[in-house]
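In the two complexes that follow, chain A is the common piece, with chain B as its partner first and chain C second.
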Partner chain A sequence: MIRRLRWWLIAIAVMCVLPLFIPLGVTRLLVMGSYLAIFAMSWDMMSGYTGYVSFGHPFLIGLAGYVTAFLSHQEGFQPPHIILPLYVTIPLGVAAAVGGGMLFFLPSMRVRGPYFALVSLAFMEILHRLVIAIRPEFTGGDRGLPHLPSVVMGAVPNYYLALGLMFAVALGLWFVTRSNVGNILKAIRMDEDVVEASGISTYRFKRFAFLLSAVTAGLGGTFYTHYLASIGPRRAFSVTFLLDIIISAVLGGMGTITGPIFGGYFLTFILEYLRPYLFGQWRLLAYALAALFIVIYRPRGFYGIAQDIVKWFRRKRIGGEVYG
Partner chain B sequence: MEQIFIQGALLSGLYALIAMGFTMIFGVGGVLNLAHAGYVMVAGYMYFWASYMMGLPIGVSFAIAIATSTGLAVGTYMGWVRRFLYEPTIVFVSTIILALTLEHIMTLAFFRENINVPPIVVGMTQIGGYSFSNNLIVAVIASWICIAIVLLFVRRTHMGRAMRALAMDRRGAIISGINPHRVNLTTWAISGALAGVAGIFYSSYTFLTPAAWVLPLIMSFAIVVIGGLGSIEGTIIAAHIVGFMETATVLAIHEKLRSVPGLVIMIIVLLLRPKGLLGR
Partner chain C sequence: MAKLLEVQGLTKKFGGLVAVNDLSFYVEEGEVLGLMGPNGSGKTTIFNLIMGDYKPDSGKIFFEGKDIGNYPTYQRVKIGIARTYQVPRPLREMPIIEDIRVSTIPDSIIESFRGGGAHLKEIEKIAEDVGLKGRFSMYPHELTMGDLRRVELARALATNPKIILLDEIFAGLTVAEIEEIDKLLRRKMEEGLDFIVVSHDLKALAPLVDRVVVIHFGQFIAEGPFDQIVNDEKVKAAYFG
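== the complex of A and B ==
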């Protein structure tokens, strides 16, 4: 047990003492990275494992964020309403992500392959349009809801909050995916008919993967919304946000859980540190081109690259023993 | 009412052009090209650049725009999609990243402001007491000519038959001597050209902005799913359903809800009849 967990324990220990040595700006970046890592893991749990590519994760995240924002926010309202404390609204937000996902995504998981991706993108777009057009006095319309209460104040407490959430989610998903469930999900990605033919209800396993993914997306979405203290349709339901999630999962390595964590931090840092060297749009272009090249030439992402390196070293060592 | 009719006809024709390219690629190659709407956007910009910034004649500008989008489509296929025909997830992710890349390139070249493209044909025509811009009417006719050409090509020529054969049964088609790479390449080129024509008229219908690939992409998804993925005739019918619904919604209910009815129909179709209206 400890042997399997030792790298996790080392990572947790390093990340816990990190804020003592790094400037506040980097700490804030790490917070953003943690949330992106949570979203990427959520995407990976569903799409990376079962092969049902979801373009609708902003739907889940935005739904959770909007529910908690709507219930807890205090100003800019015309009609009177109840202001609920955060420990009520956050679970409600997560429940909304799960419930909305069950209602909309699960029926569409019966259709396969490209269809699922198309439907999920459609759900995101519909929610986006509805939030803007229907009852803007409740949802804030185009501007969204500003001035939301925070869970904790300051960069360092927020860092520990995001980190704790990230590691809790990561360990949970890691244990699930390293069990037989993970193997079955991977088998569904390879050939769903064969899995079905061996007497396993693929729908039940897809539903399980989806529920985990939705809970993760809901947790990440609610805490992220309160960390940013505002939510708006343009940020919550944009294709850019969707691509950030997918690119970090793919860069890290699909279907690995640990890969997307690395991908999330990597993406946040690379975008920030390119800032002095490349102007606005050039930076985004460089990032898109780099992502394109990695997807084409190294589809297994950084996880695959790391595996190759480890394998190369091992082979060299074993080769040395045999022939030397 | 007449306004709904003629604007709906235009929008439906443009949607049919965009969605036909999309569905042909899926039918023949078995992959979805999410960068397709990106080509539409780039073609619109290239037409604007050639005809208004460079002052070239209209014919040359058309040729430049269509050549650009065709080149992009062929480049995408030859560049990497050819190698990933059996890995749809990678094609998915890489082509949507390509669309984002095109958006960034266009932003760098033409900035983020919305550009109103002057009409291709000026003047108004009176039809039954209502006046319509000649631009709209020309766009409707042009899109129908393109649709007719593609339908004739697919039905009557040898290459068109090869495309249909590949879509029906890949292995059987290969055994009977069809070169799948050549057919695929032709399909991608045709779909790029269609995207180019659609882009020119789409930009003069709305306006040019680098992010203008997301909505056409989502709408062509909806159309293709309603009509049946891979079926050209189904796509044309579905494009008209969606196009007229959208125009009616914009004019009668709310401008910002324009994409919703088509997407709702798509979800209903998916749940009740997943293969679409004319899908196999």
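== the complex of A and C ==
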């Protein structure tokens, strides 16, 4: 097991000492990268592993964020309500994401393929409109909820918090995907009917994947909201945010754990450094083109490219065909 | 002998097309039933109905005397019905040994985490049994049609069934491959496994089956031993017009 985990341990060690050598601006970017990686892993658990492509993940993330924000919001609030500490509001936010996922996403599994994607997109849009229109005195309406309490203060403590959360989620999901459950989920993505005809209730396993995805989205959504110290409907339910998540997973490699992590960091940095050249609608166009290119030419993303390179080197070294 | 599987008055319509029309037949324990009929006569639809992939418009399906009409597919497999597909459907990104192993993983999240499922040695035994020795770690795209059909059969056997619905198991195989599969099926029959075999290859079908049911446009037209059936006027008319 330790042998299989060694790359994880090396990555954790490197990331732990990184803030000693990099400027604060880059540290903050890495915090954003860690959260995007968490969202991408959450999306990948639902979509990359079971094949149910979700276009409504911000629904789960936003729901968790809004619940913790509403319960911990402290100032200028009408009507007055009980303000709860973060160690209560964050679990409640995660529970809201799980509840939302089970209530809305699970019944949507009756439809497959693009229909599921559209239904999930509708959930995101409905929550977006509800947050603005229904009881804005609770949600802050279009303006959102500012001045939220933070879990920790400062770039470096937030870096370690986001990193710890990201690695905890990654290791948890890694163990799941290495188990029989992971094998079943991968098999469901390949051919759901065949798995059902093997005597396995695919619904049971998909429900579990959806649950894991919702927990991950909830954890990421709550901590991210408190890191930003505010939440607003335009950012939480934007198509750009949705695309950030999906493209991270697709670029990195769907149906893997390391792929979405790499994709999350890569996209955060590339977007930051391309910001002067790519803005507004151009950013969306670049997204669409990158996604098209990857889906057509490299459907296994960077993870697949890395795997091919490793295989090529091994083949060269032992001078034969390598399977697996 | 007791009836293992029985369908009564099964009807399935797709829009205006009646794919299966008031069809009734049964398989007894220890029996191999051949299901014959020209192209498009509804044989695969019947398999899909028995497995629960389609819901019948009317009619009942009994297994060991129990009405299984409301059972989902995985439940039908658990009680002992397995199938192979007419066009093989391997899990394309898995080595075949892993594909076969999926059928043995318990249908429970907790049990699956505990590492349930058949031991690798048992899976290898099943794979070897169907003639896949030396190809355990290969991927579906590296296999011949014959081997893909063997994977289908191995996957069905791994569910520990009482009856297997074999859909065109001989299609696209060489004469030697047909002989091997035939031998294997006979061995399994001796071990007490029942089959419903759908095949266009009447030569391959003849020695295997105890009894044949012939359908045409989803309707029952004849039933009896193979030799009697092939000389039946209605069957000849259905096949040759």
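By definition in this document, the second predicted complex is superposed on the first by the 301 of 324 C-alpha atoms of A that agree within 3 Å, B and C clash if a C-alpha of one lies under 4 Å from a C-alpha of the other, contacts with A are read in each partner's own complex, and residues count from 1 in each chain.
Rule of thumb we're sticking to: contacts are C-beta pairs under 8 Å (C-beta built on N, C-alpha and C of every residue); 3 or more make two chains touch, one makes a residue touch a chain.
Since this is a predicted model, take the numbers as computed values, not measurements.
Asks: Considering only touches as defined above, state whether A:191 meets chain B (first), chain C (second), both or neither.
Replies: second
Asks: Answer with first, second, both or neither: which of chain B and chain C does A:229 touch in the superposed model?
Replies: Neither partner.
Asks: Contacts for A:12 in the overlay, against chain B (first) and chain C (second): which applies, first, second, both or neither?
Replies: After superposing on A, A:12 lies clear of both chain B and chain C.
Asks: Identify the partner contact of A:95: answer first if only chain B is touched, second if only chain C is, both if each is, neither if none is.
Replies: neither
Asks: Applying the document's definition of touch, where does A:130 land relative to chain B and chain C: first, second, both, or neither?
Replies: first
Asks: Who contacts more of chain A, chain B or chain C?
Replies: B
Asks: In the overlaid three-chain picture, which partner chain does A:201 touch, first (chain B) or second (chain C), both, or neither?
Replies: So A:201 only meets chain C here.
Asks: Check the residue A:183 against both partner chains and state whether it touches chain B (first), chain C (second), both, or neither.
Replies: It touches chain C, and chain B stays clear.
Asks: Shared contact residues on chain A, chain B side and chain C side combined as an intersection?
Replies: Common interface on chain A, chain B vs chain C: nothing in common.
Asks: Where on chain B is chain A touching in the complex?
Replies: The contact residues of chain B facing chain A are 26, 32, 79-80, 87-90, 92-94, 96-98, 100-101, 104-105, 107-108, 214, 218, 221-222, 224-225, 229, 254, 256-260, 263-264, 266-267, 270-271, 274.
Asks: Once bound in the complex, which stretches of chain A touch chain C?
Replies: That would be residues 179-181, 183-184, 186-187, 190-191, 193-202, 204-205, 208, 323-324 of chain A.
Asks: Would you pull the chain A residues touching chain B in the complex into a rising list?
Replies: For this pair, the touching residues of chain A are 47, 51, 53, 107-108, 110-111, 113-115, 117-119, 121-123, 125-126, 129-130, 132-133, 239-240, 243, 246-247, 250, 254, 281-282, 284-285, 288-289, 291-292, 295-296, 299.
Asks: Mind listing the chain C positions that touch chain A in their complex?
Replies: 51, 53, 72-74, 77-78, 82-83, 85, 89, 91-95, 98-99, 101-103, 105-109, 112-113, 115-117, 137-139, 155, 158-159
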